[in-house]
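These notes open a run of structures that come right after.
Two complexes are shown next, each including subunit A; its partner changes from subunit B in the first to subunit C in the second.
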Partner chain A sequence: MTYLADVAALTHKDLRIELRARDTLPAMLLFVLSTLVVFHFALPEGTGDAAAYGLLWVAIVFTALLGLSRAWVPEQEHGVLDGLVLAPSDRSAIWLGKTLATLAFLVASQVIALPAFVLFFAPLDLVALAGVLLADIGICAVGSLMAAMAAASRSREVLLPLLVLPLTIPLMVGGVGAAISPEGERYLLLLALYDGVFSVLSWASFEYVVTE
Partner chain B sequence: MIRSLPGLAAFAAGLMGLGIFLALIVAPEDADQGISQRVFYIHVPIALTAYFCFGLGAWKALLLLWRGDERYDLESYVAIHQGTIFGALTLITGSIWARASWDVWWTWGSNQLVLFLVLFLFYCAYFMLRFSLEEGPRRARSSAVYALFGVVLIPVSFLAIRLAEDFIHPTVFTREGPQMTGTMFATFCVSWAAVTLLAYVLYRVELAGKRLDADLRELREVLQ
Partner chain C sequence: MIRARGLEKRYGRRRVLVGTDLTVPAGGFAVVTGPNGSGKTTLLRLFAGLAAPTRGVLEVNADRAQLGYLAHEPLVYRELTALENLDLFGRLYRVPERRERVGMLLGRFGLWDVRSERVSTYSRGMTQRLALCRTLLHDPQLILLDEPYSALDEEGAGLLDREFEALAGSRTLVVATHDPHRLDRLTTTRIALA
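Right after this comes the complex of A and B.
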């Protein structure tokens, strides 16, 4: 139970920092809304809903990347990450706490962005929404590990999209498939498989990435 | 160990020559695709070898994380380096084949080719990651974790790309000609062995070079 308590404390810490500083969430919100407006001008008249769904997924992935690039910034200052690594808790709890916090920001930005998408472009059904949620889990799980790697490098902001984008291609396929295919449930299975496999892998390997 | 390398390299070169000879002269012409089918004897072995190199790199990465022995870091890196080179060659030969048989330089209809493009981008990012981290155990472990993600990404991406065909590309190209005859299969096996051996020799040469380089640097530091 102490493991869950550690995770809860770490997530709480990130949410509280965000509530006080408001660094990440407003940026993500503004970004995703601006992107949707840009897409309106990028889609020629009569392109149809299918293209809009595709672009929605581009917007989701890039918004997540924006959030992830800020994810480890608080830990970079004052050696917080070193403190967390030295703390008497399992190191994977740090990853899980960060993943949950990033997921909370991403979902919060989508609470505004998805209705805006429906208003501007095309309707979303339940399967499509489930697809968004499952893909959010996958991208935050993988992304928070990759962001921790990128944060230790010389070229952090540049490196993160390069590391994450190839890994998001299966999520893209699953998300777009869930939105436009008549048999969307099959794609949900793919997303669930991705989440399971990559969450376990990220959870197990986080320790190696942060320890000296 | 290094002494056996020239012999091995000569053997690999000879086997490559034999493979090319068999592929161009001995193997029968494909009834469907004609001469362009012969790139198969190079393209598929190169692709399989690239997978093998990525797998080897991930295996060495796993050993590094497991045992913590630094030498696996270099072995993992060199295997992935070779895998990326062979991956690039796969993309090039695949593109040539696509041009010859479908009259386009690139097709999203070929699952294998799309998968290779995704993997190629993924492993290019591996080098970006590696070269922007400070040298040391942390770099070794981060690279190893990323290499492990690669082998997991291969089957998941393949599944995803297969599923994506439903909405991106409803018509599937079939490149399966008639069943392979005995000679064709033998030719394929010789080419495969040759390319695998070539990759192994390149792996050993690069590894030997990198190790010499590291030793030399150490010596120089001691002397100063």
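Right after this comes the complex of A and C.
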């Protein structure tokens, strides 16, 4: 229970900081909406829905990257990560708290972005929406770990996409597959498996990322 | 107690603390001195477990729950208030009677009146006082302080002097400072780095 209380305290802290600073969520919202608008005009008329679903995933992944690039900024200012690492709580709680907060921002941006996608491009059924949610979990789980690694580097802006993008390829395959395949449920299984495996790996390895 | 034998830390080609041997007994008050770049901050980070020595053996008889660390940076969130910062760290450190302890420390360090203001609005000295509150929040047995007088005005420095007097003997303190004479009366161990 204390572990969950630590995670709740850390997530709550991130949400509170975002509510005050408004550094991340407005940027994500503006980015995803403007990307969808650009895609709307860029996609030639008569192009099938399949291409539109692909572009949706491009927008989702790059919006997530934007959120992840800001994820550890509050900890970098004033060196707070050292303070968290020194606390006697399980260090993986820091990762889980950050993952949940980033997931909340990503889902919040999609509350606006997905209706906009339906308006501009194509409908989304329940399987496609489940695919988006499962992929969000995977992106945030892996991305929070990679963002913590990148945050320790001077070239973090370059490093983060290099670390995250290759790892999100299975998520994009699963997400697009869930949206366009007649057997979309099978792709949901792929996404759930990815989430399970990579969440456990990220959870277990976070301690080694933040300590020397 | 802290014991180090043949300690060394490398940053690329640069070596600091080369062959450092030291012992700080439990309840001791150690003052670390040395010029810029001599490894004072590195030594405290090694003691805190935030860095690992490249060579040598280091024993620190305190786990994370018993360790208080004041760094160069205050290790508090800029967008949270003093109360919110200390409440968060109090939860993570499982401080009993957290609210009372937080209120007492904020009062003692003269931050009670600004407890609900964001740290980003604080002066450097006020932020340092808050960092001291965070360091002492869980009543640690081993206290590591890196330039604790930095940015403090005379009143703040006086508060810290009184805090040291109250803690000396009952806690193990390691203080890195450029002004060791201020602590002459309390010092039991001197660590001079070259």
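Going forward, the second predicted complex is superposed on the first by the 212 of 212 C-alpha atoms of A that agree within 3 Å, B and C clash if a C-alpha of one lies under 4 Å from a C-alpha of the other, contacts with A are read in each partner's own complex, and residues count from 1 in each chain.
Heads up, the rule we're going with is that contacts are C-beta pairs under 8 Å (C-beta built on N, C-alpha and C of every residue); 3 or more make two chains touch, one makes a residue touch a chain.
What you see is a predicted model; the values in this text were computed from it and never measured.
Colleague: Figure out whether A:E212 sits in contact with subunit B (first) or subunit C (second), or with both, or with neither.
Modeller: So A:E212 meets both subunit B and subunit C here.
Colleague: Under the stated touch criterion, which partner chain does A:A21 make contact with: subunit B (first), subunit C (second), both, or neither?
Modeller: In the superposition, A:A21 contacts subunit C only.
Colleague: Pick one for A:V38: touches subunit B only (first), subunit C only (second), both, or neither.
Modeller: Touch status of A:V38: no partner.
Colleague: Which holds for A:L190: it touches subunit B only (first), subunit C only (second), both, or neither?
Modeller: Only subunit B is touched by A:L190; subunit C is not.
Colleague: When the two structures are overlaid on chain A, which partner does A:L30 contact: first (subunit B), second (subunit C), both, or neither?
Modeller: Touch partners of A:L30: none, neither subunit B nor subunit C.
Colleague: Per the overlay, which chain contacts more subunit A residues, subunit B or subunit C?
Modeller: Looking at subunit B versus subunit C, the one contacting more residues of subunit A is B.
Colleague: So in the superposed three-chain picture, is A:P170 touching just subunit B, just subunit C, both, or none of them (first/second/both/neither)?
Modeller: first
Colleague: I'd like to know which partner A:L159 touches here: subunit B for first, subunit C for second, both or neither.
Modeller: first
Colleague: Check the residue A:V80 against both partner chains and state whether it touches subunit B (first), subunit C (second), both, or neither.
Modeller: second
Colleague: If you stack the two complexes on chain A, which partner ends up touching A:I180: first (subunit B), second (subunit C), both, or neither?
Modeller: first
Colleague: Once the two structures are fitted together, what part of subunit A is touched by subunit B and by subunit C alike?
Modeller: Shared contact residues on subunit A: 211-212.
Colleague: How about subunit C: which of its residues touch subunit A in the complex?
Modeller: Listed in rising order, the residues of subunit C that touch subunit A are 48-52, 63-65, 67, 69, 71-80, 84, 88-89, 91-94, 118-119, 127, 134.
Colleague: So in the complex, the part of subunit A that touches subunit B is made up of which residues?
Modeller: Those residues of subunit A that touch subunit B are 142, 145, 149-150, 152-155, 159, 162-163, 165-167, 169-170, 173-174, 176-177, 180-181, 186-187, 190, 193-194, 197-198, 201, 205, 208-209, 211-212.
Colleague: Applying the document's contact rule, which stretches of subunit B touch subunit A when the two form their complex?
Modeller: 65, 118-119, 121-122, 124-125, 128-129, 132-134, 136-138, 141-142, 144-146, 148-149, 152-153, 156-157, 159-161, 163-164, 166-167
Colleague: Spell out the part of subunit A that touches subunit C in their complex, as residue ranges.
Modeller: 2, 5-6, 9-10, 13, 16-17, 20-21, 74, 77-80, 82-89, 211-212
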